[in-house]
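Each of the next two complexes has chain A plus one other chain: chain B in the first, chain C in the second.
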Partner chain A sequence: MKRILLWWAERALLVLVSVIVLFPIAWMFLTAFKSPRDAYSLSLNFTPTFNNFVTVFSHPWNLGDMVLNSVVVASVTVLIAVPCASLAAYSFSRFRVRGRKFLFFLVLSTQFIPAVVIVLPFFLMFRQLGLLDTRIALIIVNLAIVTPFVIWMIKGYIDAIPTDSEEAAMIDGASRLRVIWDIVLPVAAPGILTSAIFCFILTWNEFLFSLILTRRDAVTLPVGLVNFRTERGDLWELMSAAGVMITVPIFIMALLIQKHFTRGMTAGAVK
Partner chain B sequence: MRDRSLQYVLLVPAFVIVLATTFYPLAYSLTTAFRDWDLTRSRRPEGWVGFDNFAHAFTESHFLNSLWVTTIFVVTSVALTLVIAMSLALLLRRKGRMHTFTRVVLILPFAMSPALIGVSYRFMFNPEFGVLSNGLAAIFPWLEGTAWLADPELAMAILVLTDVWHWAPYMTFMCLGGLASIPRETEEAARIDGASNIRIFFGIILPQMKGVLLVTAILKTIFALKMFDQVVTLTGGGPGTSTETLAYFIFNVGFEWYDMGYASALAWILTAIMMTISIWYVRMLLSERKMATA
Partner chain C sequence: MAEVRLVDVEKRYGGFLALPKQSLTIEEGEFLVLLGPSGCGKTTTMRMIAGLEEITSGDILIGGERVNDKPPKDRDIAMVFQNYGLYPHMTVQQNIAYPLKLRGVDRKAREARVRETAEKVELGALLHRRPSELSGGQRQRVALARAIVRTPKIFLMDEPLSNLDAKLRVSMRAELKHLHHELGVTTVYVTHDQMEAMTLASRVAVMREGRIVQLDTPKKIYSEPADLFVAGFIGSPSMNLVEGHITGGRFEAPGVSIPVAAAERGDVVLGIRPEDLELTTAEAPPIRGKLYALELTGEATLVTLREGATSICARGPAEFEAEIDAACALAPRPGARIHLFDKTTGQRIAA
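Now for the complex of A and B:
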């Protein structure tokens, strides 16, 4: 009897957890398909419409520009950070570099620096250079946050790869770079891909830098949300439509790497 | 290329990025912290003022308020996140279809933009047409007409709620990783000896999870101290200054008042706080490791 009760209690808890997590997301998705009038009612009985999406992509909201900015900034950041970080992670993992501990500590310590500290000087520098409100500015500051994190993550993956086959190939006369390219890279690929997606998520959702460094041309999606707060009040149905646009690509990515995702979270951290 | 030079060459690109994007601006902001620089007055930094900016902070009620707000936020959100993450990890560690489904669901909050989370909760707690404010009023009639985000304590509670919603799932995965690395034999032996679940948890599981929980606590504390996005999109620091965290206050000083010197000094105070807490945690972690191996 007690066991049956516990069995049901466990299921009930699991359902409750899923509901708490899914409800805010589901509500946003529903609101995105509601007409303005329905958005202000709590009714679930409404005729779905695509109008909100049409509205946010047209003048004056121009969400398309922000989507493009977000895609460019996040992709370029990943394309620069991940290759550089992978090389550094390999070096940290395989070599006893002199001052290795100090260097690695230097990389990790950057994670303790609040973004506000970094963005202030960058704001002043970019103002001097005329780089405010450009994508380049956003890419540069995002690299600051993302690169150390990715080094840490990828090092966790490379540490887990046994060195036997590398050593065997080197004895056969393969160069170190060949070994990295032919042996380590294929094995580490899932880990590197996971790190790349993590990196993409962080950059895609980044808010503070974009809020401070952009005005009109280089605004990214999360900051675009603030635009829907108007003199007429908050336009919830449009905010929700924009929210769906921010969320869907990231959810797809996160679910694609779902298995590695949970491992990636723990790999670097727990060690 | 010989390994000896290669090992450095491999580090070069990443270090160029890290040095240029973090250590250079850090140095820049450190020097700014000792200067008087009001951006509305002058385009270039003005005179050196020594520790004036730092001294100013500790006599200003605005700053002291933001310290207090940050403390409340960090303590509650870290404590709640850890307890919830640990409980969820225990719940989810068994096998089963619903367990797997819930684990997949738990990936989503971390992937969601914190700014968007703030916006969503603001919508759901809107007193007139918010689904949660109305839903709660339907279940608990005395909550009818509560202006959730206009009340200092409730606004703080909702701010903490959004943060816990965002981070607890991520931290659950860290705890699950920790649980997976604990050998099950001792636990099963204790169970056969008739030990209760509570005793097994406090006597066997928790001691072995200390290391993982400490790491989780460090990370969560850092994230909580840095938390900024939801303050902007959920409360705007309000009502009044009741949810004005240190990060948000620095942002205001820098980009609403354009007082660069003072903002830089404040930013360094925040960095110092984060460093101190991290070092303290790491020390605990290291002594924990020593005890475990001894």
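Now for the complex of A and C:
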């Protein structure tokens, strides 16, 4: 009896939490398909329209440019961060170097610094270099934020791989780099992929640095959302449409992660 | 095929001395077993030969060539790991072919060689499986096949059978022995199982706390253990070791009085194997005591006597029966080996 009650309590709590978390997202999706007339109405009885999406991609909003900026910045960041972090993670995991622990702590400690503290130095630096409002600046900043985190994540996956296979490969005639390429990377692939997607999401959602370091040319999607607060008031239906554009890729990636996450846990399990 | 020499090799981890300075020569074509309890340095010794572990000082020579600074891949060796060390993302075929692939053997030759090797270890039907789809014994075979797919200068085997069940271990042991006979490659084999050591080795190196305490043929190790450690480690059930003293040409201890050919002295340990003792009904038996336990092993009964601090086990006939606590007597069989050791140093006393 008590167990059944507990079971129901658990379900009820889960439903409650889901509703609280999902309701705003659901509402955003609904609003994205409403005409401006319906945007403020609470009624679910409205005629859905795609006009908002057409509007946000046309002048003066030009959401397409921001999508491109976000895609370029996030992809390039991932493409640089993940290979570098994989090698660094392997080194941290396998080589017994003096001061290794301290070095690793140092890498992680960069994550303790609040972004607002370093955003101004970054601004000044990039102004000096003439890189303000460029994608390059955003990529550099995102690399600085994301790489230590990805190193830490991938190191966890590599730590879980038994060294036996690597030693076997070295004896079979492989050099260290060959071992990494032939043995470690394929076995750690699910973990590395998970980290890559995580890295992409972090960069995709990054707001503060984009806000400060870009003005017109390199604006990314999250910052672009602010444009919909105009003198004419907040254009909720357009903001929602843009919000959907930001969210959907992340949803898809989260689903991918979920599938690979469980695989990543069991991949190295061969004795 | 090659001779392996360790010259004055020493291994330290920081300030900790893992292996004191010592030398060891493994003859060409020999099957040398490093035997000892866990933590005695046998695996470290093997890993130093493989190049997976650096040596602190000394030289390692393979086939007369100094390999101290050579990475494992250039030492021309093959190794079988305790946990197999297979490549989980590759098929059996790819696992076995990997050493050949790294050495630039072309695809056709590779496939032929893999098939031939797989047949030899009875893996022919499993070539397209992944390691995760194999049983422990099959994985062990893959590891073995990967080692023998090319002909290296030496084979290194690190407790290759310890993850298998008892029955499989015995049959794989015979296969290993046959394989060594067939290939004739110098082999170094690490184990803590004295049965494996006795059955496989052409010579056994018994190790303790980083030191090789005896290096000899299995026969010699069994019949003439160099010290108390080796005497107690080799043989199952292990050798009876009784503390006592020698007076008037007899070894004396509570319940024990055996004639020995040694000078008068105290603090002696007498060793005699259970199979060298038999039950007796003689008037003045050399060993007397109360029956402590009877264990039927099938082909024999292990009879354990106690008298004071002395406990002695003998291998008696399977049909022997008696009440616990009954008085019992034992005598060395004709031609039995009686070993004497110095109690303080543990060393064997020459008879």
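The criterion applied here is as follows: the second predicted complex is superposed on the first by the 251 of 271 C-alpha atoms of A that agree within 3 Å, B and C clash if a C-alpha of one lies under 4 Å from a C-alpha of the other, contacts with A are read in each partner's own complex, and residues count from 1 in each chain.
Basically, a residue touches a chain if its C-beta (ideal position, glycine included) is under 8 Å from a C-beta of that chain, and two chains touch if they have at least 3 such contacts.
Keep in mind that this is a model prediction, so the values were computed, not measured.
Visitor: Classify the contacts of A:E167 with the two partner chains as first (chain B alone), second (chain C alone), both, or neither.
Guide: In the superposition, A:E167 contacts chain C only.
Visitor: Just checking: does A:I201 make contact with chain B only, chain C only, both, or neither of them? Give me first, second, both or neither.
Guide: After superposition on chain A, A:I201 lies in contact with chain B alone.
Visitor: With both complexes superposed on chain A, which partner does A:R215 reach: first (chain B), second (chain C), both or neither?
Guide: neither
Visitor: Regarding the shared-chain residue A:K101, is it in contact with chain B (first), chain C (second), both, or neither?
Guide: A:K101 contacts neither chain B nor chain C.
Visitor: Go through the superposed model and pick first if A:W27 touches only chain B, second if only chain C, both, or neither.
Guide: After superposition on chain A, A:W27 lies in contact with chain B alone.
Visitor: Classify the contacts of A:S175 with the two partner chains as first (chain B alone), second (chain C alone), both, or neither.
Guide: both
Visitor: Based on the superposed arrangement, let me know which partner A:M125 touches: chain B (first), chain C (second), both, or neither?
Guide: In the superposition, A:M125 contacts chain B only.
Visitor: Hey, is it chain B or chain C that touches more of chain A?
Guide: Touching more residues of chain A than the other partner does is B.
Visitor: Could you pull out which residues of chain A sit against chain B in one structure and against chain C in the other?
Guide: Common to the two interfaces on chain A: residues 175, 269-270.
Visitor: For chain A, which residues are in contact with chain B within the complex?
Guide: 10-11, 13-15, 17-18, 20-22, 24-25, 27-28, 31, 39-42, 80-81, 83-85, 87-88, 90-92, 94-95, 97, 103, 106-107, 109-118, 120-125, 140-141, 143-144, 147-148, 151, 175-177, 201, 204-205, 207-208, 211-212, 221-223, 225-226, 234, 236, 239-240, 243, 246-247, 250-251, 253-255, 258, 261-263, 265-266, 269-270
Visitor: Write out the stretch or stretches of chain A touching chain C in their complex.
Guide: 162, 164-165, 167-175, 178, 182-183, 186-187, 267-271
Visitor: Per the contact definition, I'd like the list of chain B residues that touch chain A in the complex.
Guide: 1, 3, 6-8, 10-11, 13-15, 17-18, 21-22, 24-26, 28-29, 32, 88, 91-92, 98-99, 101-117, 119-124, 126, 128-129, 131, 134-135, 165, 169-170, 173-174, 176-178, 181, 211-212, 215-216, 219, 222, 225-226, 228-229, 232-233, 247, 250-251, 254-255, 260, 263-264, 267-268, 270-271, 274-275, 278
Visitor: So in the complex, which bits of chain C are touching chain A?
Guide: 50-52, 71-73, 75, 77-79, 81-89, 98-99, 102-103, 131-132, 139, 143, 146, 156, 163
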